[in-house]
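Just below is one structure, and these are the notes that go with it.
Naming follows writing order (A, B, C and D), and every chain is counted from residue 1.
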Amino acid sequence: MIIIMEHRATEAQSQKVIDFLKSNGFQVRYNIGEVHTVIDAIGDKTTITPGRLAAFDGVKEVKIIREPFRLASRDRKKEDTVITFSNGVKIGGNNPPVLMAGPCSVEDNYDNLLQVATAVKEVGGQFLRGGAFKPRTSPYDFQGYEEKALKHLKRAGEETGLLVVSELMDASDLPMMIDYVDVLQIGARNVQNFKLLKAVGKVDKPVILKRGLASTIREYLLAAEHIMYNGNPNVILCERGIRSFDSAFTRNVMDIASIPVIKKYSHLPIIVDPSHGTGQKYLIEPMAKAGLVVGADGVMIEVHHDPENALSDGKQSLSIPMFKEVMTRLNEFSNLVRQVV
Amino acid sequence: MIIIMEHRATEAQSQKVIDFLKSNGFQVRYNIGEVHTVIDAIGDKTTITPGRLAAFDGVKEVKIIREPFRLASRDRKKEDTVITFSNGVKIGGNNPPVLMAGPCSVEDNYDNLLQVATAVKEVGGQFLRGGAFKPRTSPYDFQGYEEKALKHLKRAGEETGLLVVSELMDASDLPMMIDYVDVLQIGARNVQNFKLLKAVGKVDKPVILKRGLASTIREYLLAAEHIMYNGNPNVILCERGIRSFDSAFTRNVMDIASIPVIKKYSHLPIIVDPSHGTGQKYLIEPMAKAGLVVGADGVMIEVHHDPENALSDGKQSLSIPMFKEVMTRLNEFSNLVRQVV
Amino acid sequence: MIIIMEHRATEAQSQKVIDFLKSNGFQVRYNIGEVHTVIDAIGDKTTITPGRLAAFDGVKEVKIIREPFRLASRDRKKEDTVITFSNGVKIGGNNPPVLMAGPCSVEDNYDNLLQVATAVKEVGGQFLRGGAFKPRTSPYDFQGYEEKALKHLKRAGEETGLLVVSELMDASDLPMMIDYVDVLQIGARNVQNFKLLKAVGKVDKPVILKRGLASTIREYLLAAEHIMYNGNPNVILCERGIRSFDSAFTRNVMDIASIPVIKKYSHLPIIVDPSHGTGQKYLIEPMAKAGLVVGADGVMIEVHHDPENALSDGKQSLSIPMFKEVMTRLNEFSNLVRQVV
Amino acid sequence: MIIIMEHRATEAQSQKVIDFLKSNGFQVRYNIGEVHTVIDAIGDKTTITPGRLAAFDGVKEVKIIREPFRLASRDRKKEDTVITFSNGVKIGGNNPPVLMAGPCSVEDNYDNLLQVATAVKEVGGQFLRGGAFKPRTSPYDFQGYEEKALKHLKRAGEETGLLVVSELMDASDLPMMIDYVDVLQIGARNVQNFKLLKAVGKVDKPVILKRGLASTIREYLLAAEHIMYNGNPNVILCERGIRSFDSAFTRNVMDIASIPVIKKYSHLPIIVDPSHGTGQKYLIEPMAKAGLVVGADGVMIEVHHDPENALSDGKQSLSIPMFKEVMTRLNEFSNLVRQVV
C-alpha cells in the first residue's frame, strides 16, 4: 500500500510510520520530499490494515494497491469458478446461463407452487426459488411460512427435478433449513450480516449472495470473501439493483456494468435478478437480456400463479403465461448470443 | 391509501380493485374518470398492504397517506419518549443531552479502557460505549474480543458509575450479552436484520438502533417499529451518516436535517454520532454541535487511549486529551444552547 | 392532480384549496374525511402548477397523475419519432441503430481526425462526433480548439460522407456553430441550462441531449420538453451514466433500464454512450450491447488515433484497431439481435 | 502525483510513462517492483493532467496528492477571504454572519417586494435576494420577470439600504444585469456551466456560487477556481443540499459537514441556504443554526409576502411574520454562539 502524508506532516511523523511498517515486516520505500512524502510499503495486510496506518498523525491517506479481497480475486485464481450440482447442473465458466424462478413467497397451497415449478421446468429452468423467511420492511407485512414453505419447496423440487433455492435470514435457522435446499440465498439486506456470512461459510452448500443496496463492488466482493474465508468457495453473486436518487419508475438502478467489472476482478459466477432490480414486470425481459449479454451466468425471475393475489412482490412477478412467453424469447436470445459473444 | 389507476386502465380493472377493497372491509370512495381513475380507500393496512394492491392489473401506483410506522409515530403518542435508567440517567424529552463515549473496539488491556472510562466520567458522560463484536468489511480485520471485552466494559462501568453500551451482531449472542450491558446497540449494517430486531424487541433493555447507510427515514422508522412491535418501546435512534456520491473528505454524509424530521414524525429519542458520520477527528466537534442544535438527545463519540495503535477506527477516534478539550467546549455550548433554543 | 391534506388540516384550509382550484377552472372532487382529506383536481396544470398548491397551509403533498412532460410524452404521440437526415440516415423507430464515433476533443492535426473518420465510415458508422468546446472540471485542463475544430469536423464529414455532431456549450456560440454541424449536442452538465435548451429549441437541427449526472428520468424528459416547447421536435436522448456511491471501477453507473423506461413513456429516440457511461475501454463493448439489447437507437463511442496522447478522455477512448474489432463484433451482434428482439 | 501501474504492467509500459514524465519536466522517483510499480512524479500539473497519464497502457490509476484547485486553496492563501461591500458590509473571516433574504421570484407588484425588503432590514439583514430569471424544471412553470424584476430589486435595495443579490442564468444577460445587482448568483444547475463561470470571472462584482446537486466538494471548489482563474477572487460558496436517495421528507440532503471541510481546504467564505436545502419551512430555523454553528459566514432564506400565492417555491418560503420570529431567535442564537465557538 501507499501512505500519503499530509502536506505539512513533519519528518518525525513520517519516520514513525516507516518504523512501524518495518517493525511489522513490511518492505518500505519512501522519499521524504519537500512538497510531499510518499511511503510505499509491501507486506502482509492481514497483520497491518490500511485503517491502522490511517490513524497515525500526519497521514493524509492510505491507498491500497492490491484489491483487499483475495480468495475471491482473479489474481489468485485465474479460471472461472464452476459449481456443479448433484444432478449435473453447472453454474459459471462457459456453461449456458441457468434459470432460477419461482414465487417471491411460498404460499399455503402446495398445488399453486407445483404449477409454477412445472412451468419453470417446462421452459428449461434448473432452479425453483421461493421465500420461506421474508425480510419485510414493515412488521405488518407477511413474514413467510417458514418450515412449511421449505417442505413445499423440497417436494416441488423433487417432483419436477428442479434444484431448490431459498433465503436464510438467521444463522439459527441454518440447521433446520439446510436439508431442504440445494442453494442458500443471502438477501441484499444481510450482505454485511457477518455472523450469517460466517455461518454459511461453514456449510457445504452453494450460497447466492445478493448485492446490498448500498454495497460498493469492493465491499460486495469482501462480503463474498467472508464466506470463502470461512471455508465455502461456492459463492454465486447476484446483481439486483442498487439504491439511487430516482425511484419513480424503477425500484432500484441495475448496475449492469458491475457484471463485467466483477468478471474481470473475480472468478466467481454472477447472476442477474431483474425482478428485484427493477420492480416492474415490463422490464424483466429487457434487463434479463442486458445481464446475459454482458456475461451473467444466470437469471433469477419472480413468477407467481396469480400475481394479483400474491402475498408479496406481486407488482414485479410474472404470471405463468407471461413467464412462458418471456422465457421462450429469452432462451432463443440466449442461444443466439452464445453463438456470437 | 389512494390507488391511482393507469391512464388506459379499463373500468373492469378499476372495479376489481374496488370490489377487493370492499370485501376486505375498506371504506372506498372513487371516481372512474375519463382522464384518470382515483380510488380513495380507508381501512386497516395491516390486512391489505399497498404492495398487494399494486399487483392488480391497471394499477399505476398506490400512495399511502398515513406513515406506515405506528408505534413509532407521533400521531399515536404525542409526548416524547423518555427512557430512564436505574441510576436515574434519562434520555429524551427535555432532558439535557447525554454523552456516550469510548473506544471503537474494547482491547485486551483493561487499564487502557479504564483510562478512557475515567475521562468519560470526568467530562460528565453517562455511558461507556465499546465494541465487543466488530462488524468488519474485510474478514482480515480485527473482529473483537467478544465476551472478554464485555467483561472489561461491565467492570469499567461499575468502577466509574457509567452505563454500558455495546453492539449485538447476532441474536444467538443475546443471552450471553444481556447481563453485561445497559443498552444494546444495533449497527447500521444490521438495520434491516429483522431477526435481530425481533430478538431485541423481546428484551427489557433499551436499544440504540443506528440508521443504515442506505435507509430512508421511513425505512429507518419501520426498523424501529419492528423492535417496538415485538414489545420493546425503548428505542434510541442514531444518525451516523448515509452513503453519498462524495467520500473524498468524509466517510459518509451526515443527514443533520433528519433529526428534526424524525422529531416531528416520531416521539423516539435520537442521538448523533459524528465519529462514524464523518470519519474525521476534526469534524467531531462541529458536527456534534450541529446535531445538538437541531435537537439531538445525545452524542456518541469515539475516544481511544492511543488512537495510533487502535485496532479499529483510529482515524476517527479522539485521544483522551483531545476528547477532554472537545467536551469542555461541547458542554459549554450545550448549556448555552439550552438557554435559547 | 391529487392534493393530500395534512392529518390535522382544518376544514377551512381544505375549503381554501378547493375554492382556489375551482376559481382557476379545475374540476374538483373531494371528500373532507375524518382521517384525511383528499382533493382530486382535473384541469390545466400550465396555469396552476403543483408547487403553487403545495404552498397552501395544510397541504401535505401534491401528487401529479399525468407525467408533467407533454410534447415528449407517448400519451400525446404514440408512434416513435424518427429523425431523417439530408443524406437519408434515420434515427429512431424500427431503423437499425446508428453509430456516432470520434475523438473526445478534435485536435490540431486534421489528418489524425480524418484517420478516425475513415475508420468510423469503414465500420458502417453514420456520424463523426468530436469536441470543439470542452466542458472541463478544472480550468487547467484543455478547453478545445473551438472554431478550428469545427472546421476540421466539417471537412472530415464531407470527405467521408459522415454527418457531424459536436457539443454546444453556450447559446452565444450557436450562430457561429450551426453551419458546421448536422447535430448539436448538449452535454450532461448543461441538461438544465435552460437558456441553452431554449436556444437549441429555436433552430432546425436535431439535438442530442445527454442525461445529467443527477437527472431523474422525469427531469430529463422535462429538459427535452424545454427544447420541444421552443419549437424543435428533433431531440435525441442519450444515456451516459449517472452519479452513484461507487466510482472505484466505473466513472458512473449506467442506468440501462432507463432506456426501456423512456421508450415506454416517450416517443423520442435514445442512444447509449458507454465511453462516458463507464470511463473504461474494456466496458465499451459489453455496455454498448446491453444498451442495444434493451432498445437503444444508436451508440456513441470515443475513438482516438493515439489514446495515450489524447488531450482528453484517453483512458476511455478506443484506438483505431481496437475500435474496428469492437465494431465488427457489435455490428454482427446488432444484426442478430434485430432478428429476434 | 502518483501513478500506480497495473499488476501485470510490463517494464516497458512503466518506462514509457517515466520517459513521458521526464520529458515534460517532472521529477520522477519510482521503483519497478515485482508485485507492483509505483511512480511518484513531482511537477506542474497544468501541463500534464492526471487524465493524460491515465490513458497510457498499463496505468491502473493516477492519484493526485495536492488538491487540483489552487487559487481557491488554503495552501496558497492561509487567511480567510473577506469581501467588503461599498456600504461597509463584510462577508467572511471573523465577521458576524450575514443574512440574505427575499422572495424566490420577484413578482409584479413593487410594494410587495418592498414589504419583504423592509422586514429583511428590520431583522438586521444586509442583502435582499430575489429571482429575476428562474431556472425551472418544467417549461410550463413561471420563468421570471427578468429586467422588470431587477429594477424592482434595485429600487427596493436603495429604499432600504440593502445590497441586492440575483441569479444570472446566461452570460448574454450579464451586461444588462450587472448594474442592477451587488452580487451575482450562479445557481446549482449552472455550477458546471463553464462559459457562465468564465463570464462572471471577468467582472468585478462578488459571485455566490451554489453547490450543484451532484457536485463533489472537489468539483465544487474547481468550479470556484474557474471564476477565480478568470480574474474574480470574490467567490462566496453556498451549501444548499445535495441529491440523495431519500426525498420523502426533504427535497435534498444538506451536507452540513461540507462547511467545515471547505473551511479547512479553502479560504473562501461559505453561506448556507436551508430553504432550498430542505424545501420545508419548519426546517429553516434548525438548519440555519446547524450551518452557523459549524462556521457558515451567512444564511440565505426565502421569505414571501404571501407564500400561498407565491409564483414559485411557496412551500419553502416563510411568511413575513414567521420570518421575523425565526430571525429574532436566529440572531440571539448567532450572538451566543459567537461568544463560545
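Going forward, a contact is a pair of C-beta atoms (placed from the backbone, for glycine too) under 8 Å apart; a residue touches a chain by one contact, two chains touch by 3 or more.
Because the structure is predicted, anything quoted here is derived from the model rather than measured.
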When contacts are scored as defined above, which chain pair ends up with more C-beta pairs, B-D or A-D?
B-D
At the largest C-alpha centroid distance from chain B we find chain C
Distance between chain B and chain D based on Cα centroids, please, to the nearest Å.
31
Averaging over Cα atoms per chain, report the distance between chain A and chain D in Å.
39
Residues in chain A with touches to at least two other chains are numbered 214, 243-245
Residue ranges of chain B touching chain D (in the complex, touch as defined):
214, 216-218, 242, 244-246, 248-250, 253-261, 264-265, 277-278, 282-283, 286-287, 289-290, 293-295, 329, 332-333, 336-337, 339-341
In the complex of these two chains, what residues of chain C are touching chain D?
45-46, 49, 51-52, 54-57, 68-69, 135-141, 143, 169-172, 189-190, 192-196, 212-214, 219, 222-223, 225-226, 229-230, 243, 307-315, 317
Mind pulling up the chain A residues that touch chain D in the complex?
2, 4, 7, 29, 31, 33, 35-36, 38, 40, 42, 63, 65-66, 75, 243-245, 247
